[in-house]
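Every chain is named by a letter (A, B, C and D) in the order it is written, and numbering of its residues begins at 1.
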Amino acid sequence: MMDLKETPAPAGEKDVFKSFELALAVKSNDPVNGEYHRLVLEAPEYLLARCQAGQFFHLLCPTANGETPYLRRPMSIYGFYPQKGELHFLYKLAGAGTRALASLTQGDRLNVLGPLGVPFTIEDGWQNLVLVARGVGLATLAPLALEARRLGRKMTAICSARHPDYLMSVDYFRELGADVITLTDAEGTSGVDNLERVIEELIAGGRADAFYTCGSNRILKLLQTIGARHGLPGQIALEQQMACGIGMCHCCVRTFQRGDKLLQLRVCREGPVFDMMEAVAW
Amino acid sequence: MVDLSVAIGDLRLKNPIMPASGTFSEELAEVFDLERLGAHVTKTITRDWRDGNTLPRVCEVNGSMLNSIGIPSKGVGSFLEKVVPFYQRYATPLVVSISGNTEEEFATLCREVSVDGVDAIEVNISCPNIEEDGKAFAIRPSSTHKVMRALRAATDLPLWAKLTPNTGETSEVASAAEEGGADALVVANTILSMAIDIQTRKPKLGNLMGGLSGPSLKPIALRMAYQCARATKIPVIGCGGIATAEDVIEYLIAGASAVQVGTATFIHPTAMVTIIDELEAYLQAQGLSSVRDLIGTIVDDGQDEAVVFMEAAP
Amino acid sequence: MVDLSVAIGDLRLKNPIMPASGTFSEELAEVFDLERLGAHVTKTITRDWRDGNTLPRVCEVNGSMLNSIGIPSKGVGSFLEKVVPFYQRYATPLVVSISGNTEEEFATLCREVSVDGVDAIEVNISCPNIEEDGKAFAIRPSSTHKVMRALRAATDLPLWAKLTPNTGETSEVASAAEEGGADALVVANTILSMAIDIQTRKPKLGNLMGGLSGPSLKPIALRMAYQCARATKIPVIGCGGIATAEDVIEYLIAGASAVQVGTATFIHPTAMVTIIDELEAYLQAQGLSSVRDLIGTIVDDGQDEAVVFMEAAP
Amino acid sequence: MMDLKETPAPAGEKDVFKSFELALAVKSNDPVNGEYHRLVLEAPEYLLARCQAGQFFHLLCPTANGETPYLRRPMSIYGFYPQKGELHFLYKLAGAGTRALASLTQGDRLNVLGPLGVPFTIEDGWQNLVLVARGVGLATLAPLALEARRLGRKMTAICSARHPDYLMSVDYFRELGADVITLTDAEGTSGVDNLERVIEELIAGGRADAFYTCGSNRILKLLQTIGARHGLPGQIALEQQMACGIGMCHCCVRTFQRGDKLLQLRVCREGPVFDMMEAVAW
């Protein structure tokens, strides 16, 4: 096993490099509800100074329960707090890798690589932001909300989940001054039609200059339709299986439409944040 | 001070550690100083634009991985315009990996990339030869010899032939490459493999099959590196499953003059740098003044390889 | 009740789990009831007495192993006198593995072991053919075809041809074995590998090289089993890296009709029994009434294997 | 990973089978001195009832320190106590496997396979036994001493080590009524010449009817010379690298001379205990 090094980069290099391979100490790693966990890592200032909303880290999951995940696992930055020296992730238990993450306890070290990828941008004219997300998508949008608040933008966060119990980060979005709209399967409010109605209302009220979303195909298609209908822009954070995470291997491509050309772009490199209108639904 | 430099034919490398084709790119410069490496090796390109294979393109298997990336290529024009100049800012030698599905296409590309700033050409003859039955050139000695002669005629740059483990004739293919004009052998590419998701009953790769790389490949590629070092007089560059300095030392002892690190860089992007540092420390600790003192020092009591091969059959 | 039985040609097995040659012997009866198995497969024998290879004969590599046991054999006489009668006390079919270094020697042995109590003969054509260049018969389609015809003429018992992964022509070799008269294919034997002790600089095996078995071999052997199932109409018996019921299911989905468990038995002597129990539980949980409902159910969208092979080349 | 099962064999099978694959609970695992550890496992009565001095178990070492030993590791039975339900091993830290063993703590489970192999025998005429051992060889001879005491035989235990600190089990042999002679490199008493002198004295005193030893080539050669000189018998427990441990793989052979024939015998099956005079020194 290769030794995990706390700071592979000599002092001077901190200024030169964009991403770092570091073994960070675990501050806490607690279940948020049945399916989600929040992992808090202790991170050096120079690393946190480079983080931006929408970027991700590539995590080297430990050996646990007799399983050794081999490839790294990509996780969005859920929060980065230079003052506290903390880097947060919010993850859902899926397979061997996330199960292994869940085994980490305070004081353990986790080898991370990042920050990686292209962040969200908030253009000057976008005063009213609409965040639409479901499930772990909320993790990706959380730091965007913080940034929006810093820039003094107005926000509506439409949070969708299977059940009210799985609505995470709602309080967090509220604290940041967002209007929060919750939609759940259990209450029968999360259907596409209802979502469309909710968004059209926001647009009618002048409360939607740009959309931000992640992951879901269904939501992407709806937002593209609405975006085209009203000429509204947006950004989407996409997921794809990754090996290297930095652009070397070309395993993480997705298809995009630019003009009349279909392009294959790497989610780890040209993304994970893309122009919402260019993404080709799958 | 220990001397880490090695020679691959006329090309002198400051250390024997370089990336494997397809597991390295300009982007890695954002993680460490690429000048630390013994050489830079680019992803295989083809003459014309190509898309690459169906997704998913990678999966995990038991502490190793399968890939069927294919060769998404922007073509030689874009390569010469953008990639070569990028690497020219480094003093480190640049090795360009190419492939083609016919001898002529292959040779033409070889000529086209023989430009200033390129120090050697790695010819990925593990790619299919569509003029025969679609098997990789390097599966058979005859097709290896033929394509290497065509490539040799196309360039004056050093030619490194990258061999495939998907053959029962490693030594013969190595000799054929040498006779065909190879200046060095890169041993080896990935071995054809498969994995199935038992829930969906679908192959885990969009392309059904793909190449195994990482630790599981090491004993196979190490055996091939040893066979090639014995079968030829040209330098062998070991490749397959290298993740630590110990792995490098094993390849050097087996007869490799340098090594390529592939999948390990995906797991630890700084793996190559760590390996260089650890290799230097090892030599120091062992009181060796040059890494070259390790090359080919295997204590094999002169056992004859052919006989051994026979007896090794279970 | 789920039905675990499968047919290998005319031979009906009560379940698809059997040991791999060389990783099983009478002694295992001291650990569990051998009647639980689908078949019994003996260590390869040669006609005459043989010593086996130089020590060390095994080593560990990254969660798998290398061996160069060779074929220590007491000869066919002792085998017929002692081993066959031992297995006759079981109702489970007995499969006898044989090999020879010339066609004639091989065929003679095949005739000699065609006795009462033997239900099938596994011909280990992964062994060297000293009449050609010492390469294993199963490396080339031509030598495979020739030796299989000689063996076919020597017996009326079912003939299972055991293939080697040390080839670039798996599908062609499989077809050659089928045409030569094989009733089933066992896919596959170990792949030639090597490991070196960096302290002593000696190979970790006395014989320099040896065969890789265990988990690292699985993706390679699974790919071969799939290729063979597609290339031929005869049953394929998967072998390589199987340690769990999930591994078995993967092979069955790929097209194998049964499987052999090798190295896993060294790690867990009761592995085969555990696998049988887990396989039964899996079928029950999935609501499948017969294990045969899994065989060849891979969802591969009819992709053409030859094309895939080409594109898989990196 | 395959689940470790506590009792793979149904009730009736306990009478039929000779060896068992079992996951036993660790009672303790303590260093004996710098290099050696004693591992005490909780074992069922039917297993302990089958154990005999000289036999071994094949241990499936756990994953530890990022290393996963693949093959099992053979270890002599150091002690078996049906009344206490305990199975003891004494092991020396050598490589990955034994390092992993050392990581076990109380309550962990260790998968063992055994008992395996041919035990020591004490023939009726052998009233005065001489045990000669060095290092971990003492582990192998310890249960033999217990058996000798049960049979009322007289014993001399010649214990050799690098340094007096590494002389283990001396008290144990004394408790069992053995005369103990200690030889150490540090004191310059462990040389072959001195050992020969000591043994010749025992023979001269009528205190040596048979020899028991293990491992060391040097001691084997000496005992063979002395054995031949005086027509005295003996047994040796040998080591060899093992894969299966039960006789299937033929990787563990050693050479033996029987009459004028050289034989290859499996240490795991025909051994590990062999006729001292037949073993071919290496």
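Going forward, a contact is a pair of C-beta atoms (placed from the backbone, for glycine too) under 8 Å apart; a residue touches a chain by one contact, two chains touch by 3 or more.
This is a predicted model, so every value here is computed, not measured.
Chemist: By CA centroid distance, what chain is farthest from subunit B?
Modeler: D
Chemist: Just give me the whole-number Å value for how far the CA centre of subunit A lies from that of subunit D.
Modeler: 59
Chemist: Rounded to a whole Å, what is the gap between the Cα centroids of subunit C and subunit D?
Modeler: Centre-to-centre distance between subunit C and subunit D: 36 Å.
Chemist: How far is the middle of subunit A from the middle of subunit C, if each middle is the mean of its Cα atoms, in Å?
Modeler: 48
Chemist: Which subunit D residues touch at least two other chains?
Modeler: Only 68 qualify.
Chemist: Which residue numbers or ranges of subunit B touch two or more of the other chains?
Modeler: 22, 62-64, 67, 69
Chemist: Specify the contact topology among the chains shown, as one of line, ring, star, complete or other.
Modeler: Contact map by chain: ring.
Chemist: Hey, which chains are touching each other here?
Modeler: A-B, A-D, B-C, C-D
Chemist: Quick one: in the complex, what on subunit C touches subunit B?
Modeler: 22, 44, 53, 61-64, 66-71, 124, 126-128, 130, 134-136, 139-140, 164, 166-169, 189-196, 198, 200-203, 207-212, 215-216, 218-220, 222-223, 226, 241, 246, 249-250, 253-254, 297-300, 303, 305-314
Chemist: Can you list the residues on subunit A that touch subunit B in the complex?
Modeler: Its residues touching subunit B are 2-3, 5, 8-9, 13, 16-21, 60, 68-72, 111, 113, 240-241, 243-251, 253, 264, 269.
Chemist: In their shared complex, at which residues does subunit C touch subunit D?
Modeler: Within the complex, subunit C contacts subunit D at residues 22-25, 27-28, 30-33, 43, 51-52, 55-58, 60, 62-65, 67, 69, 72, 214, 243-244, 265-271, 273-274.
Chemist: Subunit D touches which residues of subunit A in the complex?
Modeler: 1, 63, 66-68
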